[in-house]
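Okay, got some structures for you below.
Next come two complexes built around chain A: one with chain B, the other with chain C.
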Partner chain A sequence: MLRFAVRRLLGAIAVLFAISVLVFLIFNVVPATNPAARIAGKNATPQLIKNVEKEWGFDKSLPEQYWTQMKLIFTGKATSYSLAHINIDKRILEGIPQTASLCIGAAIIWLAFGIFFGYISAIRAGGFIDRFVTVIALIGISMPVFWLASIFLYYLTYKIELFPASGYEPLSNPVEWAKHLILPWVCLAVLFAGFYSRVLRSSMLDVMNEDYVRTARAKGLSQRRVMLRHVLRNSLIPIVTLFGLDFGVLIGGGAIVTESLFQIEGVGYFVAEALNQQDFPSIMAVTIFGAFFIVLFNTIVDIAYAYLDPRIRLGTSAA
Partner chain B sequence: MPPESEKQGTEAPIPTGTGALDAGLGIESDGARVVEAEAGDGRQAGGPWRIAGRRLRRNKVALFSLAIFFLIVICCLLAPVWANHVADTGPNTTHTLEKLHVNGEVREVVEPSGKAIGPQWFEAGGKFFLGADGHLGRDEMVRLLYGGRSSLFIGIVAALITTLLAVTLGLLSGYYGGLTDTFISRIMDVIWSFPVVLLGIALGIALAVGGLKLGPIHLKSSSLWIPTLIIGVVYTPYMARPLRGEILALREKEFIEAAVAQGASDRRIMFIELLPNLLSTIIVFFTLNIANNMLLEATLSYLGAGVQPPSSSWGTMISEGFDALYSQPILTIIPGTAILLTVLSVNVFGDGLRDALDPKSKVRFEARAGTAAEMDNPV
Partner chain C sequence: MSATPETAPAPSGAGAGPLLAVENLRVGFATEDGRVQAVDGVNFELEPGEVLAIVGESGSGKSVTAQTIIGLTRSPNSHIEGSVRLSGDELTTKSERELQKVRGSKIAMIFQDPMTSLNPVYTVGKQIVEAIRAHDSSIGRSSAREQAVELLGAVGIPDAERRVNDYPHEFSGGMRQRAMIAMGLALEPSVLIADEPTTALDVTIQAQILHLIQDLNRSRGLATILITHDLGVVAEVADRVLVMYGGKVVEQGTLDDIFYDPQHPYTWGLLGSLTRLDQPRPHRLPQISGAPPSLLNLPKGCAFRPRCPHEFGKCKEVPGLDPRLPEDPNHRDRCWLEPEQKRKLREIEGRIGLEEPT
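Right after this comes the complex of A and B.
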């Protein structure tokens, strides 16, 4: 077990390193303009550009540049010049409560609906309910966030002022907090709910053919009990895996569109803001942190699985 | 997938969880193998493709979706016809100070307040069919058709790029194994570790600044090829990984062993023996990939990291329209609905295609019949 964990961790560190190099290359080698002038922002004085050049190491060789920039980002010293000279890492930290509120609420909604719809369409596979749920799920998967968000914003916050239009209220005022977040939660959850119900349906249909389900029936358990206890529980494994990953992505700054549409000033909103100003350092930092978060999350999920299921760690060490 | 189609996967412990795409679309990794088995005596039975075709023809909803998709494609391809013969204007032509004669009335295209004219349908002879787009007074319908060309181009060409890359990489790493496999798999791991949207944004914004200069390839920053390439590359691991898994399973089969024993070359085994067995998976992935690509394009363009002006797409139209959401919601809703309809039609068709190509659905139906029988006879 320990050997598996250590190997998995070493692998994760290698991936983390590769990610940081890749992001560095994307932002420092790909663009065909002077990076220092770009970082310094519009209307920068020549002196500022010189300072930026020194700070970000553009006067040095590429490996040194990489080292300088990573040091800036990871020690929390990176400043965004285009965005009112804010400290990038601090801004990301400040955005986490908003992003987390958005993601956790949305996750509860999408898990509840995804599992409910997946379950009823699997136990009625091929029937009318199944076909109906399939269509609804496919609409959910195909729905662009902005479409739903603009309909919500126009009809529910402007035409009938049922909800506040945008913004974020801290959790210290739970009613306002929830009222401000309901629309973004739904917008974000629709896609995943549709997707998870499809995954659960196909996973349940697979599990229904297993021997232990037949055994459970043979020993006379009720249909309901077989479905809930034996089929559903075993079908949830892919959902758990997917959930870990999707949630990691969203927390790592993935809910950019939802956050910017609803003016929730979380990590994703910061990315959208930085994009408007083409502020490379901010996007670079969020991308690196986001990817790091996902890799760590995956590693933890993998190790947890290996701990829970010996087949996995044996399988991996044999490979 | 999906809009915020941030999908991630990992070296997942469960076969169905190897990746969101794989799991979600429920592509059974052994589906192709069963098709193979049927193909053994397939000549008499009509062949697996004929069977799949028959199944697909019975799925009216899927066929209807395909028809809708083709209709949208044809409309967008005919954009110049509409622009030149009906609307008499181009997608970027402004009509700020012009007046429009509608049923004998004279209306301003853009009111002094900045509010643009609403949908005129055929009242002005097809001009401003869907109204004008905000203070620039461009014809929304013409823009919609031209924007659709960009969106569809990116969706389809990026899917081709993804498929080409994924099949090549999947075949190389799945068939050769060893160092080749390790090398390719690690690169895929790294790309896989990014949230799709963030990687797309990073590449998009880096390339939007100065265009792409790579050896002989020279792309301007406004070129449609930039978002196309980015989207094509970003989704590659989501297709390459499941394909590799399927190849690993196929490699252990007797027919590959037989081919090796006969002295077949690597290339022959890869392209003549393996590839046909992967075809049904590839087709389904390709179809659903188009839908995902179009959503990612819209997201990137909305954020300013996709299609760059003066080119436009449905994503950039939403981005422009959203600024005037409360005065003219139609400018956001029209391109949004266009994306929704197109993506939905592709997704429904892809779903039907998967059902048709996946013989397991038959097995499932029998399993269900079994449960139904049990429920009818209470014990």
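Right after this comes the complex of A and C.
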């Protein structure tokens, strides 16, 4: 386990390094314009551009530039000039509670519905309920988040004022917190719930043909027990894989559209701002931040595998 | 005993009818290409302590017959007719819930591939405990576990106390099949259905597993249905044999009947394709030419006709499974040839085989 953790940590560092180099090259080397001018923002004075050039090391060689910039980002000294001179790292840290509230809530909803609908349609495969659930799932998958969010906002917050229109309330006031988050949770969860139910359905149908399921039936277990303990349990691996990736992406600032539309000023919202302003330091920081979470959740998935399937052992070969 | 009110005779009541009686069992499956009649009118009876072997190629309906006995072939697209009675108690009309009480507790089944027949994510002990507690939830987890250890010991797993906590992948193939048998025996069933229990095992382990089944059969009076395509396995343990072809029983009789006086050309072919250790020169093993028929579109008349070198005019009519030997009413077969002809035709170089008459 320790070996596994160490290997994973080294792997994560390598991945983060590669990503940071890539982003660095794309933003600093490829464009023909002066990167310092872009960092300094639209109405920058020549003096400011000079300062930025010095601060971000654009007067030095490429490796030195890279080193200077990483130091700024990792020590929390990077400032965004285009976005009201905010401290980037501080801004990301402030966004985490919002993003986490949104993603964890949505994840609970989509896992619950995804697994429930997947299970129902698998045990009723081919029947009316299965077809009905399939249609619902496909609608969920096909509905764009921005459209669904707009519909929600228009009908449920403006036409009938059932929910507050937007914004975020800290968890210290749980009722308001939940009220503000219900619509974004649902919006974010719909797509994933539909998708997960489809994946689980096909995974369960595969497992149902396994010999050990026949064994379970032959020993006289009830249908429900066979389905829950033998079929569902063994069908969860693809769900866990997907969940690790999806959740990592969202926590790392991937819920851009949902956060923007519902004015939840989390990491995703910040990503949208940064992209809008083409603010290199911010983009660099959120990319590394996002990559970190993707790597982290993939590692958690690997640990979960070993728990779900005892044939998988965390050892030298697992990393 | 389940709570169902039954006037049926007690299981061990002598003379009260067979332990297991299968009558005119027909199993069909609706497929996209039409109806597949996998089992077409199978009859047999089984007594306590008896080993009945069902022999045939893949697709002959032997596994479907066995699985239908405990209702595992029930599905929206299957169609089951006929009757299966356990101690006089009809099983085909039972609800799924009632059948669950029979499965495992009165009729146990073990399967072909022990590698895949145990759930990889639970320990062997847990799976045995699950079987025990599925039928009697009043048994505590720890006493069920003790029982599991005892069972594993009884089927010859060394160090059962420790191995009970192992996962199936930590067992060898033979040990897994032993564990399957232990699980099957957990509730002291009266019938054990073994569906090709040795096919996936190597030869020495095969013999061990067969002897284990035979031991249990003798010591516990366990009636056993042994499904196999391996006549060597049959010779080892069976008392009576059913030979199946194209969903029908083509010959049935005692072990000696089938091995020393086989009446159906298909049986000759099976016997002829056995390896002979007593033959000095290596020679090419004979085979039955052609392939098993498609169950969607069985040949008219005798199903074996297209592959049979002794086919003649009458074979276009379906032969019944009748006693054709005057001296032995229990030896039945489906072949129109006269017994005298058969004895001549099956003789190939001093042994039984299926070949074009020269």
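We adopt the following convention: the second predicted complex is superposed on the first by the 289 of 319 C-alpha atoms of A that agree within 3 Å, B and C clash if a C-alpha of one lies under 4 Å from a C-alpha of the other, contacts with A are read in each partner's own complex, and residues count from 1 in each chain.
In this section, contacts are C-beta pairs under 8 Å (C-beta built on N, C-alpha and C of every residue); 3 or more make two chains touch, one makes a residue touch a chain.
Predicted model only: the values in this text are computed from it and were never measured.
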Touched partner set for A:L250, first chain B, second chain C, both or neither: first
Contacts of A:V295 with chain B and chain C, given as first, second, both or neither: first
Partner chain in contact with A:V145 - chain B first, chain C second, else both or neither: first
Partner chain in contact with A:A272 - chain B first, chain C second, else both or neither: first
Superposed model, chain A: greater residue contact from chain B or chain C: B
Partner chain in contact with A:E210 - chain B first, chain C second, else both or neither: second
First, second, both or neither for A:Y158, with chain B first and chain C second: first
Which superposed partner A:L10 touches (first chain B, second chain C, both, neither): neither
Which superposed partner A:N234 touches (first chain B, second chain C, both, neither): second
Which of chain B and chain C A:Q223 touches, first, second, both or neither: both
Intersection of chain A interface sets (partners chain B, chain C): 126, 217, 220, 223, 309
Parts of chain A lying in touch with chain C, wherever the complex brings them together: 126, 210-212, 214-223, 225, 229-230, 233-234, 308-311
Footprint of chain A on chain B - complex, ascending: 1-14, 16-17, 20, 23-26, 61, 186, 189-190, 193-195, 197-199, 201-203, 205-213, 291, 295, 298-299, 302-305, 318, 322, 325-326, 329, 332-333, 336-337, 339-340, 343-344, 346-348, 351, 363-365, 367-368, 371, 374-375, 379
Chain A residues touching chain B - in the complex, by the definition given at the top: 14-15, 18-19, 22-23, 26-27, 30-33, 38, 125-126, 134-135, 138-139, 141-147, 150-151, 153-154, 158, 188, 191, 195, 198-199, 201-203, 205-206, 208-209, 217, 220, 223, 237-238, 241-242, 245-246, 248-250, 252-258, 260-261, 271-272, 275-276, 278, 280, 283-284, 286-287, 290-291, 294-295, 298, 301-302, 305-306, 309, 312, 316
In the complex with chain A, residue positions of chain C that touch it: 70, 72, 76, 96-97, 100-105, 108-109, 111-113, 116-121, 130-131, 134-135, 167, 169, 180, 183-184, 186
